[in-house]
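Next come the structures, one after another.
Heads up, the next two complexes both have subunit A, just with different partners, subunit B and then subunit C.
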Partner chain A sequence: MKLELHKAPVRSLRFGPQTTLENDVLVINQQELQALLLEDPRLAAVTVDLAHPGESIRIMPVKDAVEPRCKLSGGNEVFPGFIGGVETVGQGATFVLEGATVLTTGRLVAPQEGIVDMSGPGAAYTPFSSTCNIVLGLTPREDVTLHEAEATCRMVGLKAAHYLACRCKAAKAARVEHYAFPPLAEAMAAHPGLPKVAYIYMLQSQGLLHDTWVYGVDAKKTLPTLISPTEIMDGAVISGNCVSACDKNNTYVHQNNPIIKALYARHGKEINFVGVILTNENVTLADKQRSSSYAVKLASMLGVTAAVISEEGFGNPDADLVLNCVKAESAGIKTVLVTDEYAGANGASQSLADSCPEGTAVVTAGNANATIVLPPMAKVLGDPAQADVIAGGFFGSLRADGSMEVELQAILGATNELGFNKIGAYTI
Partner chain B sequence: MVFVLFSNNPLMRVLRFPGWELGLTPVSSLDVLLAGRNRVHAGWQLLHHPLYGNYRPHQQPYRSLLLQNSTASTIQANTQATTQQAQVNLTSLHLVEEALGIYQTAPVLLPHQAPHSFLRDCATIDLELMRLPLAQAGWAELGLEGGIPPFLPDTLLPCTGGNCEA
Partner chain C sequence: MPVVHMASIVPISQSVGANRIIPTVAIPYPLGNPTLSPAEEKKLRRGLVEKALKALGADVTEQTVF
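Here is the complex of A and B:
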């Protein structure tokens, strides 16, 4: 499979009479976009606002982030199972509005979701303070069920992202990235002497607001499976969760998975990157055993000598991470784990809910319990009152002056376990 | 009795679990875990992980825990599932002790400490996250035909009968 990503930069946003890309400015017909989204009968209202890096704007509670993309060629459309049909994606050419993000906001339940500050100390922790954001304020109708409301919010974000890209796809891309994923027989024979490496990609799949979708299928109802990284770039994996904001993998992060990019960057030089194995994080112990065994079985069938394993969320997913690690190491596959920590505000408590002696190579994305005071912003898109019930907040988080004290957990992407975050460490 | 469901979620009180034992504790999520641990020591096994994904004890006041009597086990949830009565399932014991280690060292949110709308959401999410283990244990969602039942926290009276193990 070969995929080209045609990336057109977006450096600013404004409303205008026609949705188009003009000199790196994404012009949006606000009424047209609103009307499109309100075609969903489950929505009572939708607002469209714009937020740029450096502005005094707070966005909360954020549900999903989506990068605008659409297909130029290759068949089907992006976000298969939702926008596109269910046919295979990941080949041909895909248009990308790089630098733009659709952020969906609205209240579903508490405690969920997250904060994006476009300036101030909070901005340093979220990658979405650096993008030009199209912020959708969503109000589902009162008579729809919670399941329907969640599905509506999820679908609206994808629809808006696809609409924006489609309207601009005639624009010339500033650069084209090329990705290839060869047939397995070819991949197995390639780069003799380099270690074969697979990526075991764990997806949240525990229930309402804790789910992920693969080609439109609820990940909790799937067995681990092989997938081309190019399919993931085309939106084959969709976030259906509004869980812990700091370490949920929103759709944008799936589209731009940095672990996949890093494996590609080392492919043919240090390693032979031979595949991505999607697996889930179900709640039942039987599912955890089944999925971990099956994922490692697939890795063994590929004959890999090492695997990178990334987690999503915390708490009982820590058990999935450990099971994947133990079983892989027992099968002779070296592992590198990517996770984050809940080690208390001072970092002195137990970081993970589970552990194992085999887990000797672990990358942390940071301590989600570290606290931060977010100063008041001139403008809030969404509902600041959610600070008291947002995951990472507490009763009393929101102060009278509009500032709030929260844990990093409340900030979207602060400790993202794919490494799509701003916290890092450098060897000096 | 094959299954026991421990919960401090008021929604669980109004649902129907034919043939199951219910241990409805009026107090804290920690009490639910302690009740579950006692059963694990008596040879029962957990059907799901005792920790939530993505909630810590101070973020979710409710917890439900579903266990199966290992001697009647047909679901081999653990590789070390026991076949002899009262033999402790070590996987279940490890998981529940690890969970208790977190609940006993972190602040635990009690239902009466949170506003009603927050409790309603938390109760709903607890139920939603229990759907899969409940379904795998054969629960056919009896009582949910009309959707999620009204949330009435006041109906969760102090437990004084034999059902309360916490």
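Here is the complex of A and C:
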């Protein structure tokens, strides 16, 4: 499979009479976008606001982030099972509005959504303070159930992202990235002497609004499976996740998975990157045992000597991470785990809910329990009253002057377990 | 003092050092099951609690899953 990503940079946003890309400025016809989204009968109201890096704007509660993409060629549209049909994606050419992000917000399923500050100390902790954001304020109709409201908001974010890319796809891309994923027979024979490496990509699938979708299929109902990294870039994996904001993989992060990028960058030089294995994080022990065995079995069938394993979320999924690690190491596959920590405000408590001596190489994305004071912003998009109920907030989080004290947990992407973070640390 | 740990993920009960472990249903509903009728669910719950009480009185010499 071969995929080209045609990336057109977006450096600014403004409203205008026609949605188009002009000299790196994404001009948006606000009424047209609103009318398109309001075609969904489950929505009562939609607002569209714009937020740029450095502005005194707080956006909360943010549900999902989506990068505007659409197909130029290659058959099925992006976001298969939602925007595109269910046929295979990941081939041909895809247009990308790089630097723009659609953020869905509003009073949704408030306790587990996140905060994006466009400036101030909080901005350093979220990757979405450095993108130009199209902020959708969504109000589902009152008679729409909670699960339907989530599905509505999920779909609306994808629809807006696809609309923006489609309207601009005639623009010339500033650069084209090429990705290839060869047939397994070729991949196995390629780069003799380099270690074969797979990526075991854990998806949140606990249910109760902690869900991920693969080609439109609920990930909790799947067995682990092989997927081409190019399919991921075309939106084969969609977030339906209302879980702690710091370490949920929103759709943007799936589209731009940094672990896949890093494996590609080393492919043919240090390693032979031979496959991506999607697996889930379900809520019963039998499911966890089945999925971990199946994912490791697929890695063994690929004959890899090592695997990178990334977690999504914390607590319950720590058990899946540890099972994946123990089973892979027992099968002779070396592992590197990517996770984050809930080690208490001072960092002194146990970091994960489970542990194993086989986990000897672990990358942490930070301690989600660390607290931060976010100063007031001139403008709040969304609903600031949600600060008290947002995961990582606590009673009294929102102060009279508009400042907030929260755990990093409340900030979108602050401890992202794919490494999609802005702050890092090196041991010296 | 004897303690019974009732939880759905047995490896975690083992790694935290519980000596009497009762495996339960699932993380969001350890002692219930929303797919059952209320009467069936009560039977399930009572069964688990009775099992736990029996485990409390059992002699164990090592970590034991009941």
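Everything that follows uses one rule, which is that the second predicted complex is superposed on the first by the 425 of 428 C-alpha atoms of A that agree within 3 Å, B and C clash if a C-alpha of one lies under 4 Å from a C-alpha of the other, contacts with A are read in each partner's own complex, and residues count from 1 in each chain.
Quick note on the criterion: contacts are C-beta pairs under 8 Å (C-beta built on N, C-alpha and C of every residue); 3 or more make two chains touch, one makes a residue touch a chain.
Bear in mind that the values here come from a model prediction, so they are computed numbers and not experimental data.
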item: Simultaneous placement of subunit C and subunit B on subunit A, clash or fit; value: clash
item: Contacts of A:323 with subunit B and subunit C, given as first, second, both or neither; value: second
item: Partner chain in contact with A:208 - subunit B first, subunit C second, else both or neither; value: both
item: Contacts of A:314 with subunit B and subunit C, given as first, second, both or neither; value: first
item: Winner by number of subunit A residues touched, once subunit B and subunit C are compared; value: B
item: Which of subunit B and subunit C A:342 touches, first, second, both or neither; value: first
item: Contacts of A:391 with subunit B and subunit C, given as first, second, both or neither; value: first
item: Touched partner set for A:230, first subunit B, second subunit C, both or neither; value: neither
item: First (subunit B), second (subunit C), both or neither touched by A:285; value: both
item: Subunit B versus subunit C as contact partner of A:351, first or second or both or neither; value: neither
item: 74-82, 92-100 or 146-154: stretch of subunit B that collides with subunit C; value: 92-100
item: Contact residues common to both interfaces of subunit A (with subunit B and with subunit C); value: 206-208, 283-285, 288, 316, 319, 353-354
item: For the subunit A and subunit C complex, residues of the former touching the latter; value: 206-208, 283-285, 288, 316, 319, 322-323, 353-356
item: Subunit C residues within the subunit A interface of the complex; value: 8-12, 15, 23, 25-28
item: Complex interface listing, subunit B residues touching subunit A; value: 46-56, 58-60, 75-79, 91-92, 95, 98-99, 101-102, 105-106, 113-114, 117-118, 121-122, 124-125, 128-133, 136, 147-148
item: Footprint of subunit B on subunit A - complex, ascending; value: 109-111, 145-146, 204, 206-210, 220, 243-244, 247-248, 281-289, 313-319, 342, 349-350, 353-354, 389, 391, 394-395
